[in-house]
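Both complexes below contain subunit A, partnered by subunit B and then by subunit C.
Then we have the complex of A and B:
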């Protein structure tokens, strides 16, 4: 029994981080219907910033979060403006964005691999090897901090969407693009901003990835499947869905990993993706999508 | 000078054929103007073009003396023209109150916005009762009331209504027309596209008949109603048959 609770704790800590990684992806899909296959490579790009800041200047990866977010916000906007902004209202845009973001992912993967090599890296701040004990249970400090930071950031994003004028505009655009336009929302501007925000969240996730998971440029392919399964389970476009999906699958994968061995853990996500699409394609909190 | 003037407007969707083939329209301030015509005449296309969702291929749209045919929808709204489209224009996962706030998105003055929302709640107590309910859970008639009521948060100079009573039960249709009356009383200029042509015209000061993408007739609403040729072609000789029963 106590072992089950221990695994649950570890799964939950992991879920918090997954939730942050998935939140940017789901936000971008919600507003623009862009399936951003390049999301994980942006996370890895940001992980490199934090990794080098730590390795070269001993700067705590957690402290690089604001910098990562600002840098990646502008990277996101630049990418959006150059390759994604055109044709937003054209039919077939969603399908095309899959190909475009796939190309962006390939390009960045190649560039990062060329400059930084595909060696495994991980930043190792002091807390990476320490743990917090609660009675007889433990959580590694790194995972605990990362989960707390993730949930804090998601809370901020939620409050931003719920209470600010831009947040209203983002939600309105997600739910009914043409109606938002008719009420005075400049949907082009909102789309650009939201893409930047989504990639900024990838930037924050990257800081956490730099010390939680060993990473290298080509690793982003694995992450695509994981993140897609989280937001498909939650319902694509729903922030709450991404959080719930992340916690559910992280916990399940933790159990799978402990009962069947860590090599089986990734299959949790693939299998989940498969089953959700068969049984309930719109996910837990998603709207039924019209056929594309 | 007229408030809104449309001159020789030609427009269509994408690279498709032109739907509007030279539409002329003049709207005077404070009037209710009804646009009638058969399905496919270009009524909705005209409204979408005025509001900037479509860019005209030829012709001019002049509002308060300025050409506005190249403006984006948000800029046209800023100028003071608002479209309530035919399809449901609500945000289903936002609450009734949040939908009303979106109606005031262009208002920088938040206090004024909240005041006007309160005024709308006073007028439509049904909306106040449901202010925390998601808009998607309202009935069809309630949703249309919210969509139209939302316009009063911004109070633009011109409100264009595209078949506001479409698909609603007759008893709800009366409520919808009450709201149109409220718009007129509040001093808004109203452009009304209505499939129930007779009822729409009875309600209006001025009428305009659109067919095959062109303005066929333009004149005072009562003269259109009494014109025997228009009656025969567009109004149906006898009294209109009641609208089919649909969901409330």
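Then we have the complex of A and C:
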């Protein structure tokens, strides 16, 4: 019994981080209907920033989060402006953008692999080997900090969406793009900003990834399937859905990992994805998707 | 989107016109294609007659045949309906491993077992299509194809019976070295011809009409009485079939099978790129795209070597095509009214 609770704790800690990773993806999908297949390669890009900052200058990965977010925000805006901003209102935009982000992912994957090689890396700050004990249970410090930071950031994003004018406009655009435009929302600017914000969140998750998971450029294909399963479960475009999906699947995968071995834990996400598609394609919190 | 924004009725009209055109002109083009095919069929006899070694050119040609078949096959679903599969090499792996294991365990040659590889791929297509294709088009299908690829990769990497991640080595064909590629050459040439012809036949058939209607407006297609789910699943399975058969020959050709030969995303990416470069939804497009891309690829590999830069090249070319001529070569030329008859196979 106590073992089961221990696994639950570890799963929940992981869920927080997954939620942050998926939040940018779901925001971008909500506002623009872009399935950003390049999202995880941006996370890995940011992980490299944190990794090198730590390895070369001993800067704590957690401290690189603001830098990562700013840098990746502008990277996101640059990518959006150059390859995604055109033809937003044309039919088939969804299909084309999936392919475009696929191509961006391939390009960055190859570039990162070429310059940094596909060796596994992980930053190891002091807290990576320590743990916090609660009674007879423990949580590794790294995962605990990462989960707290993630939840804090998601809270900030939620408050931003809820209480600021820009957040208002973003939610309006998510709900109904043309109606928002009619009511005077500058949909183009909002889209650009949201894409930047989404990639900035990828940047923050990258800092966490650098010391939580061993990473290498080509690993992002695994991550895209994992992150997509989270937001498909939660309902695509819903921030709350992404958080709930992340916690649910992270916990399940933690159990799978401890009972069947860590090799099989990614399978949880893939099978979950198929199951959701079979049973409830719109996810837990999503509205029924019309043909896109 | 697909080639152009035609209504179903217009597509029908256009189809009749193209049939009429074929009856009138187009003879010359058919003769040229026939001569080209004949040359390809005769070419391997050269080393047999002269005894010289043409293995490099044979390899390039049969590699091109394989990709022509696979890209045309991808196009049956991805091009005609607009449902993009980014994990299509799963079929390649399934076909390859079925025939490969039969060869390794019982010594049965892929030249006899390829139908089984095809059937296995077909079944995977039906099964997976049943799960993911009954809902209307959305990003979910695309994502689930990537997830399927990852899932199969983990399974194959950890399945000891089929060699796990180290793979399994396969016996060579018992032929002199300058002739050993020839059986594969013919098998893949025939596969390419059959696949391209099937792709043409499907496009002209009632199913093809339904598939193209789905790519335009799935809801309308459904209300017009087209069994959309069935057509989509069928198209997916058929587009897996030929890829699976290609995989069956590929294992013995390489003389070994490993998950990281079959199940890397670059293969799937190449199939997608070949189709959109040549022209998604056209019959000639994937063929043209495959040939161009293999030439570029060969140049890249000889100049720069590294597989990482190969990935960059694939990504950059894909970006350029998507941004500047999303209809592909054949589609753009047709839109401009400058498509040579030689490339108008629809």
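Just so it is clear, the second predicted complex is superposed on the first by the 292 of 292 C-alpha atoms of A that agree within 3 Å, B and C clash if a C-alpha of one lies under 4 Å from a C-alpha of the other, contacts with A are read in each partner's own complex, and residues count from 1 in each chain.
FYI, contacts are C-beta pairs under 8 Å (C-beta built on N, C-alpha and C of every residue); 3 or more make two chains touch, one makes a residue touch a chain.
Everything quoted here is computed from the prediction, not taken from an experiment.
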{"item": "Touched partner set for A:78, first subunit B, second subunit C, both or neither", "value": "neither"}
{"item": "First, second, both or neither for A:156, with subunit B first and subunit C second", "value": "neither"}
{"item": "First, second, both or neither for A:274, with subunit B first and subunit C second", "value": "second"}
{"item": "First, second, both or neither for A:131, with subunit B first and subunit C second", "value": "neither"}
{"item": "Subunit B versus subunit C as contact partner of A:172, first or second or both or neither", "value": "first"}
{"item": "Partner chain(s) touched by A:63 [first = subunit B, second = subunit C, both, neither]", "value": "neither"}
{"item": "Most subunit A residues touched (candidates subunit B, subunit C)", "value": "C"}
{"item": "First (subunit B), second (subunit C), both or neither touched by A:4", "value": "neither"}
{"item": "Shared subunit A surface residues [contacts with subunit B and with subunit C]", "value": "none"}
{"item": "Residues on subunit A engaged by subunit B in the complex (per definition of touch)", "value": "165, 168-169, 171-172, 175-176, 178-186"}
{"item": "Subunit B to subunit A touching residues, read off their complex", "value": "51, 53, 72-74, 77-78, 82-85, 89-94, 98, 101-103, 105-106, 150, 154"}
{"item": "Complex contacts: residues of subunit A adjacent to subunit C", "value": "29, 35, 37, 83, 86, 91-92, 94-96, 98-100, 102-111, 113-114, 118, 221-222, 224-225, 228-229, 232, 236, 263-264, 266-267, 269-271, 273-274, 277-278, 281, 289-292"}
{"item": "Subunit A-touching residues of subunit C, taken from the complex the two chains share", "value": "1, 5, 82, 84, 86, 131-132, 135-140, 142-144, 146-151, 154, 158, 217-219, 265-266, 269, 272, 276, 306, 308-316, 318-319, 322-323, 326"}
